[in-house]
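What follows is a pair of complexes built around chain A, which joins chain B in one and chain C in the other.
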Partner chain A sequence: MNTEKHIKTLLIKKPLKLDCGKIINNFPIAYETYGSLNEKKDNAILVFHALTGDQFVTGLNPVTNKDGWWSYAVGPNKSIDTNKYFVICSNVIGGCLGSFGPSHKDAETQKIFGINFPVITINDMVNAQYNLLEHFGIDKLFSIVGGSMGGMQVLQFISNFPDKAKTVIPIACTSSHSAQNIAFNELGRQAITADSNWNEGNYNLQNTIPNKGLAVARMAAHITYLSKKGLQEKFGRKLQEREDLKFGFDADFQIESYLRYQGSVFVDRFDANSYLYITRAMDYFDLAKQFNGNLSDAFKETKAKFFVISFTSDWLYPTQENKDIVIALNSIGANVGFVEIDSDKGHDSFLLDVPEFLSALKNFLDKSYTATK
Partner chain B sequence: MNTEKHIKTLLIKKPLKLDCGKIINNFPIAYETYGSLNEKKDNAILVFHALTGDQFVTGLNPVTNKDGWWSYAVGPNKSIDTNKYFVICSNVIGGCLGSFGPSHKDAETQKIFGINFPVITINDMVNAQYNLLEHFGIDKLFSIVGGSMGGMQVLQFISNFPDKAKTVIPIACTSSHSAQNIAFNELGRQAITADSNWNEGNYNLQNTIPNKGLAVARMAAHITYLSKKGLQEKFGRKLQEREDLKFGFDADFQIESYLRYQGSVFVDRFDANSYLYITRAMDYFDLAKQFNGNLSDAFKETKAKFFVISFTSDWLYPTQENKDIVIALNSIGANVGFVEIDSDKGHDSFLLDVPEFLSALKNFLDKSYTATK
Partner chain C sequence: MKNEFNVIADLIEKNTRVLDVGCADGVLMEFLKDNKNIDIRGLEISKNKVQKCIEKGLTVIEGNAEFDLKQFPDKSFDYVILSQTLQAFLNPELVINELLRVGKKAIVTIPNFGYWKVRLHLLLKGTMPVTETLPDQWYNTPNLHMCTIKDFVYFVKSRNIKIFKSLALNKKNTSLINSNNLGIKNLFSDLGIFLIEK
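Moving on to the complex of A and B:
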């Protein structure tokens, strides 16, 4: 990928102490913005991306030549209306689209980090991104929004910087990765490291890429993003361009072909080591643990208005785990709204054209924005 | 594995026409029996094993040196009481513990089949096993029983041989693999074939084994065998022999260590190509399709008494899919009982110490047996 010409970066000079104990400085954060920051600088929304997302939220992603990952939700007149708001999104550290990550060179050794990159956390990600506020001279964000791992970052951000956002929208997420969540991520990591091309993370040295392992990891994750019912309705047992079963191991069923496709396109845009690092950060996420097991304490310093959104068919971060966040907020009398959106599209609902979700998001933002005027 | 001395086989001389169109003959079926066949030969129960099971139902499995896979349910005074019943179980064709499978030699070429073995179906499996009845001179089985893929074989068997069993017990199964079921199996197959040691199925030629890919396939499947709640209760976020996170990629969490262990022990006892063939057979299973979409028609010729069992936390073959079998039976006025067992142990419940299940199974069998006397 010749991505560099498309990537805008901010060099962070200030040292950042990571949770692992290491200190990093002079590292890049790649970001994009959409819309315009108003004079009062009170219309900014920081969007956090999910595991395999990036800074290209909407419009054409110049690296993949596909639509940005949240084009349904972000853009002129959309839920996150770029005619009104100034949207900022940055690639997480540990990622592979310009922010400091395992495919970068270690300044000391001049070698590509690979798995010598420090293990990072959701906390490290949001601390790195906080620098964007200073860069733009924004004292307080109008909103912070994100789904899935983006939602985890939303929760961590408001916990770390309680007076830096007026509204807080965690979507389809959890305050702590469950054993099943960790299990699926570990499966993905094992698939990658099982690939002989992975070469202990040093695949860059031998010009090979663990594509097969990464594709398997993606397939595993992809199954968790969709609901059983959604899969059944979309694919069922439909055959792939054939009249009957072929009695072989080619893709007889459309669902097989679809999964193989998802795996194959993913490896063109994502780095295997980044996949290891980011899934690790998700597994390590346990916000209550940072507050001696009391999730409410994570939010007790903030006056922000929360809006928690879950989806009925999301079995990766089910409604109950989203409700647990609401319960923790209610128990300290925080300002919190909650909606469970009816959708068969599973965890991926937040990325898709789910009108009830998109209008709930738009209404909450626009009404909150008007109220602050 | 030096397994041969432990394996009892029946050589099937009669040609068997497979669903793929190929005809096989002079092929072995490996089997075990427990208990004694009575004089009237009316106390026989044919047990069908699941994907990774084998003929060693109970007691010591001489190949793995572990307990047989259904030791909780089968044995003296147990649910399937070997003091009373004569239990027969055979390794499915396509398997790797003695029955005709991809690790066998092709008689024509004298080469190991690998993926030149014919693709087999659940129908082929039960047709092969039918030969055991003739071998033992059994005109009618007292019961046919099996969970998961074993349950699919139960359904197919009674459909093919409607007057050959008095009672029929499909457990935690489905009459047709859903898109999500196929997706998980395809994931496993992709993990195996992604392993460079797989070598297009000819790993026997190069004395390598695709252990890493097979382990990943097993991990993926294993996650589906357990419930989210069961995983959370058993493992949650407990750490593996450490006080705190290590900020690396070793198994920090017990669930990671557990999955890795499940993968590693599996590869010692299972053949990667057999895994491909058996998962394929499961994916191809669609009993209603064999009857122009009418599942009831699969059972219209039998007078057998059915007992369908499902488990509340089984998300691989959820209660609804088991109920669909009951509905099909009810619609033709068949004799059918149904119970949904409350268990947090997921799909694996049928293999585990779930007292309510074990007593339901025992009661049904023993009362039905007494009634036939």
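Moving on to the complex of A and C:
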């Protein structure tokens, strides 16, 4: 993956104390921007990506040569209208698309970190990304937006920097990873570390990657992003390019073939150790715990306007977990709107062409933007 | 905007905090926000209507008043509005209690089942009344607990709820209800509007 020429980075010189106790400095954050920052610098939206996302939100991703991960929602005249807003997105630390992560070299030992990279948290991710505001000279963001792990970062960001965003949009997320969430992530990690190519995280030394383990991790996770109904309608028991069952273990069913494909394309673009680190960060996320069990206290300093969105068929971060955020906000009289969007597309709904979702997002942003003028 | 909303808006003081329960497409909310500088929130059960409110730039929570009012702290709003929905709840008494817990005051409007046209419809036709205010048939109406203006007045009195103002509406005409004219108003009004407090 020789992609460095496509990647903009910001070198953070200021030391950052991580939750694990380690202090990092002189580390890069890779970012991308869309649209332009206006003179008053009041039209900036910080987008946070999910587990396997990156800074290339929309347009052509120069690394994968595919559309950016949120092309449905972000772009000219779209929900997050880049004719109007200045969109910033950065690769999370721990990631593998230019930001400081386990595939980087340790300055002290000159060896690739691998699993010697410090364990990072959602809190560390947003604290690192906060430096982007300074870099662009933005005093206050118009909005912070993200789905899934991006939504967790949204919640953590506004809790850490209560006066740095006017509007706050956590989508299909949770304030605390559930046992089921942790269980699925652990399954993925076990698949990776059980692959003999993983080599205690030092696969770079032998020039291999734990591609089988990483593919299985992706396949398992991918199931959690879809709904039972969606899968049934798309695949049912349809067979893959064959008339009948073959009485073997090849991919007889289309769903098997589909998952295998998802696994195989994923290993080409994602680093196995990053997968371990980022899933760990998600599992450690428990915003209420940071405030002695009272989630409302996470938001009591902010005057921002919140808009929480969930999806009916999302069983990974179900509506109730999103509603818990709404309840915590209402109990302190915060300004919060909430809508559950009807969709059969499961957790992935926020990434897909779901018109009710896209119009709600657009209306909320545009009306809020006009109201601040 | 319908007359009912004008009457409700007149009951609300400027610069206050208001929750509109069952806010529908947000017509009243928008009016209160623009004309009385109200810090307004809505609760609405229909996804479509929530979307309409978002289009208007209103802060609305999708939810059901019977389950979702409990998230609001005691007396966190100056007024809570419930327009023509009390009769549709499984447990109207619980909802009234919740309105009065969350709001310092509540404004409740009810379609009056004691209205003469309703009475006459049942008397003469012998079928369930269908009127402008009660447009649905018996088999598809959301209304579970119809009451009359008189029923509502008796109910709040029996629960020691204070009535600040009771108004009767008949088309464009608004009039005050008091203990002397209750029987008449109950016969000639199709809507009752009550400002109450516990």
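We take it that the second predicted complex is superposed on the first by the 373 of 373 C-alpha atoms of A that agree within 3 Å, B and C clash if a C-alpha of one lies under 4 Å from a C-alpha of the other, contacts with A are read in each partner's own complex, and residues count from 1 in each chain.
Simple rule for what comes next: a residue touches a chain if its C-beta (ideal position, glycine included) is under 8 Å from a C-beta of that chain, and two chains touch if they have at least 3 such contacts.
Bear in mind that the values here come from a model prediction, so they are computed numbers and not experimental data.
In the superposition on chain A, contact of A:Leu276 is made with chain B only, not with chain C. When the shared chain is aligned, chain B comes close enough to touch A:Gly213, but chain C does not.
Once chain A of one complex is fitted onto chain A of the other, the partner contacts of A:Lys41 are absent, as it touches neither chain B nor chain C.
In the superposition on chain A, A:His104 makes contact with neither chain B nor chain C.
Within the superposed three-chain model, A:Leu259 lies in touch with chain B and out of touch with chain C [touch as defined at top]. Contact with neither chain B nor chain C is seen for A:Lys140 once the two complexes are overlaid on the shared chain. The touching residues of chain C, counted against chain A in their complex, run 41, 47, 50-51, 54-63, 71-73, 76.
Partner chain C is touched in their complex by these residues of chain A: 305, 326-327, 330-333, 335-342, 356, 359-360, 363-364, 367-368, 370-371.
Here chain B touches chain A in the complex through residues 19-21, 115, 118-119, 176-180, 182-184, 186-187, 189-191, 193-196, 212-213, 215-216, 219-220, 223, 226, 228, 231-232, 234-237, 245, 247-249, 251-253, 255-256, 259-260, 263, 276, 280, 283-284, 286, 289, 315, 318, going by the rule given at the top.
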